[in-house]
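The structures considered in this document are given below.
Both complexes below contain chain A, partnered by chain B and then by chain C.
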Partner chain A sequence: MSITSLVFAGFVLVVLCLYYLLPGKSQKLLLLAASAIFYISWDWRFAITLTLVIIFNFYIGRRLHKLRGQETAQSAGERPKKGKRLLWLGIAINLAALLFFKQSGFFLHGFQALLNRLGFPNQTSALAIILPVGMSFYILQAISYLVDTHQNQIPVELPFIDLALYLAYFPKVLSGPIERAGSFLPKLSERVVVDNQQITESITRILIGLVRKIVIADVLAARIPTNFFSSPAKFSSIELIFWWITYIISLYNDFAGYTSIVRGVSGLFGINLSPNFDNPFFSTSVTELWNHWHMSLSQWLRNYVYLPLTRFMLRFNQSGRFLPNIIVPALVTMVLSGLWHGESWNYVLWGALMGIWIAAERIRTVYRPAGENLANLPPWHAKRIFSWAGFLVVIFLIAIPFKFDIANSFVFWRSLVTNWFLPPSLLGWRLPLIAFIPAFFIDWIQFGKHDELIFIRWKPIVQSVLLALCVLIIFLALHAEPAQQFIYQGF
Partner chain B sequence: MELKEIKDKLKTFICKELLNNPAYPLQDEEPLITSGLMDSFSLAQIGVFAEIQFNVYIPDSDLTVDGMNTVNQMAARIKKDLPA
Partner chain C sequence: MSKMRKTLQISRPFGKVGILALLWLLFFIGAAEAAVHLKPVQSQLLAPGVGNPNRTFEIQLDRLNTRVDHGEHIDCVFIGSSRVLVGLDPEAVEKAYANITGNDFKCQNFGVLGMGIQGSAGTATMLANLYHPRLIVIGTNFIDFGVGLPDKAIVDSPFVREHSGHINFDGWVTTWSLAFRDYLAEVSYLAIDNAQDEYNYLGYNITKPNGFLPLIGHKTDNMQNWNNLNVHYKITVESTRPVKSILAIKKGNTQILFLEIPLRTSTFKAVPHAAEYRHEFEDGINFVLQGSGSQIWLTQDLNLIPESGWIESNHLNVDGAEIFSKWVGEQLGKSVKDGSLILPEWSQPNP
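Our next item is the complex of A and B:
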């Protein structure tokens, strides 16, 4: 059941009607039942995995909660001691489950290559293990729940239904946002009042999401030449730049569109999900970019990998200028991010390059001249000009392995330099250029006012025209291109 | 330990180690991270400093920009869990 389908729209309407007819206590049960139906609609076998994950983490969470309660004369300011082994066991088993499904492909390719060398035929299809949809996301949330329980961030013992909803809640189960347990769980009980303002904002988010996904992302993705990622050497430098930028804009609007839709849907139930994007292309550094791109994943990595690892290393050498204290946490965090995204070496390379760049930015901050502080940086335009240069390096160097395999990444970089005199054909470039307009328009307007929902603050006549235009272009785009799966559902 | 003593130790540490300027006139209510004086990664150092200097463990989840942006906020957080 794709979230851009009419079936999903009908499903949400039915659930909404039942939701507001039922008394408060039954609403959680309804949401859980709806989440089960939604998830099973993808594949009933996936539901078995999710159910096992919920049961396992419920049991571990309960034990952790009891152990925290048993710590006698425990000062609030001391590091929790009891339950550490159980916590690590819980994390390890969650990760093992994810690795089993995700990384089996990673080793499968190597194993298959070995078989081929020994003369055995391809067995890949027989050995393939399918990653349950959304597993990369709900496993991270399960780990968040265990760590927050251990650190007493979830003070009460959680009912099973609350944990099940936290992990399986249908608007976010497929591709997040990756909600923090301590932040999300109170929302299940203290729901926002769904007044006219809440409804307007929710529907606006859904509409923005549909424009991003259907009008921009799908249209752009369909125009990228089919051999672009497999044979970059055949393209001129101008084509490489154009189609790569097209892909980046498509990827961003695909995921931002998904997040906008699910936040809008969830808002109709009075449960506000966290934002995932905040106009990331206006960032002035990679560090800042990761505070504005896939924010929920960045915050998870920051809270559960970067900060703990940095603190661990600082306990051995307290100097913030000790280079390993700067480089290792950034590198480890981003390599893990790469592995989370995909089961091949190009993602490891992507993560490593990102980590090195972030460490370099941090070294620049830490080793800045005495007396200079970040607040005294050059004026906005000069800062942005310099940051545009860095931005280009990030887009055309660091980001490449995110989509190209390692061999083709090097081919891309070489071709970018050498293929300037190849005649560009840019077949089918007109429609992407047109699709760039709404892509730029949405982000520029939102960034200018630092308001994601600026459009509903405009005059009613302007809103009406914009609404009619949105409906028209969504209809035209659906007619022109078949709907495509969301990219992040594959992670 | 009094709040003033906590603040003085915090300011000395922040100015010397994080701002690289021991003479900087840091104010109690001055926003450190949102103003760009230091970045959010420095919060990890603040966390370790609190452990070693005051024997107070601040969970990673509490090392946020919202909760630890000024000297006043940091000192209050440390004072809250200071061993008696």
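Our next item is the complex of A and C:
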């Protein structure tokens, strides 16, 4: 059940009607049942994995909660060693499960290469394991739950249904946002009032999401030449730049569109999910980009990898200017981010490049005297424009291994330099250039006012014209290109 | 955790922007519809599409529509693959028919590139429902029964489905909105990414208003492309199913005739088991047609086309098409005259 399908729209409508007809206590049960139906609609076997993850984490969480109570009662100074051991056990088993499903291909590939050398070709195909959709997202949330429980950020012992909803809640189970347990769980009980304003905001988010996904992302994705990622050497430098920008804009709108839709849907139930994007391409540094791109993952990595690792490093040398203290946490965090995205070496390279660049930016700010704060300058200021252009060039170049395998990443970089004199084929650019218009329009308007819902602050007559145009272009775009699967569901 | 409270609080006015948007939507649709009906606008646009993945299909439909819109009564439609598109000249058929019977007989060619028997069946049903021609001629031979022909997409398109008895929203919109049909044509054109495809897309300029595509020239036979095709043309119960669905059209006010489109003699040497396939084709079709009241005119063994009448292995050039079409027109005239082919009275097409 794709979230852009009419079936999903009908499903949400039915669940909404039942939700507001039922008394408060039954609402959670209904949401859980709806989540189960939604998840099973993808593949019933995935639901078994998710159920096991919920039961396991419920058990560990309850034990952690009990141990915490006992430790508090015994003595405040005594180190809660038992709890910590249990926490690490829980984290390890969650990660092992994720690794088992996610990285099996990575290891099987190497194992097969070894078997090939030994003269046993095609032995591992029978072991192929499919990653349950959304697992990369709900495992991170399960870890968040265990850590937050251990750190006493969840004050009461959690009912099973709350944990199940936290991990399986249907708007976010496929691709997040990755909610922090301590901030999401209260939302289940303290739901916001769904009044006219909340409904308007939610529907606006859904519409923005649909435009991003159907009008921009799908149209762009369908137009990228099929051999672009496998044979970049065949393209001129101009084409490489154009199609790579097209891919990045498509990827961004695909995921931002998804997030916007699910936040809108969840908002109709009175549960506000965290934002994931904040006009990332208006950043002026890679560090800033990661504060605006897939924010829920960035925050998770910062809270559970980067900061603990930095604290750990500081134990050995307390200087904030000590280079390993700057480089190692950034590098490790981004390589892990790469591995989270996929099971191949190109993601490791991508993560390493991102980590190195972020570390370089950090070193620059630590070692150079503080300069002018660019955020305080107007967007058209020369310094800010130069900084922005520089950032775009850097992110354009270092993001290449995200989609190209390692060999083709190098071919891409080389071709970018050598293929300037190949004649570009411009015919295929027409539709992407049209799709860039709404892409740029939405982000520019949102960024200009720092308000993702700026459109509903406009006069009703303008809003109505925009709404009519949205409906029209969504309908038209649906008939321009075949629907594409959400890219982040593959991670 | 605190207690649950009432979470839905809708107050008036609600949905004002939505209602206004609906009015705007109607206005935009109406304005677009009005604009595309203006001649100066229409002259700037491509031939309207119907969302069919095969552009020749759309061009042929536009050709037929244009003639019907100009008040012409189309008596006969030739349906089939590119062999029909380039092999049957309606003008030559009409002349030959008129010479025999003394009557007017308006024909339209609806040959579509890459359309096999399955696509022909869907197209025939659609055209019979929309235009009620007195006669549908399915031009075919064993090649149209090949496994793996890409013509299923033609019959699966919403517009064809809509007019083959499967009501659907997209098909309905396509039928009633010229603006939407124009949009479909323009967006498909914009999606083209290479010069060859663009040339093919705009190739309708060389198709005549009666749907015939005259090919000029004569090439020595080149069988290379046949050897590369990993296709077999075995006639099975499954592959003759479309023939049965074509015969079902006969229940309406349309006569059905199958016509074998001849192949160059050398094709039978180049395609492995071609003679066998052709034999199976003849037997298979005759078996399905038994008792249906429809007939097939077999032409391969008549040696109608001289060597100079071929553009390549299985397509006629304009000279070959002239000879073949004349023969078809004469046969039609004779058959109607002696009563072996009964044509129903002409009935009004759908609006």
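In this section, the second predicted complex is superposed on the first by the 454 of 491 C-alpha atoms of A that agree within 3 Å, B and C clash if a C-alpha of one lies under 4 Å from a C-alpha of the other, contacts with A are read in each partner's own complex, and residues count from 1 in each chain.
Everything below uses one rule, namely that contacts are C-beta pairs under 8 Å (C-beta built on N, C-alpha and C of every residue); 3 or more make two chains touch, one makes a residue touch a chain.
Predicted, not measured: the structure shown is a model, and the values here were computed from it.
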Touched partner set for A:Leu431, first chain B, second chain C, both or neither: second
Partner chain in contact with A:Gly182 - chain B first, chain C second, else both or neither: first
Partner chain(s) touched by A:Leu476 [first = chain B, second = chain C, both, neither]: second
Chain B versus chain C as contact partner of A:Asp148, first or second or both or neither: first
Which of chain B and chain C A:Pro423 touches, first, second, both or neither: neither
Which of chain B and chain C A:Asn196 touches, first, second, both or neither: second
Contacts of A:Ala468 with chain B and chain C, given as first, second, both or neither: second
Residues of chain A contacting chain B in one complex and chain C in the other: none
Residues of chain B touching chain A in the complex: 17-21, 24, 35-45, 47-49, 51-52, 55-61, 63, 80-83
Parts of chain A lying in touch with chain B, wherever the complex brings them together: 75-79, 148, 151-153, 180, 182, 287, 302-304, 306-308, 310-311, 314-315, 318-320, 362, 365-366, 368-371, 373-375, 377
Chain A - residues contacting chain C, complex: 20, 23-25, 27, 156, 162, 186, 189-196, 199-200, 222-223, 225, 270, 425, 427-428, 430-431, 434, 460-461, 463-465, 467-469, 471-472, 476, 479-481
Interface residues, chain C side, partner chain A - complex: 1-11, 14, 16-18, 20-25, 27-29, 51, 170, 180, 183-184, 187, 190-195, 198
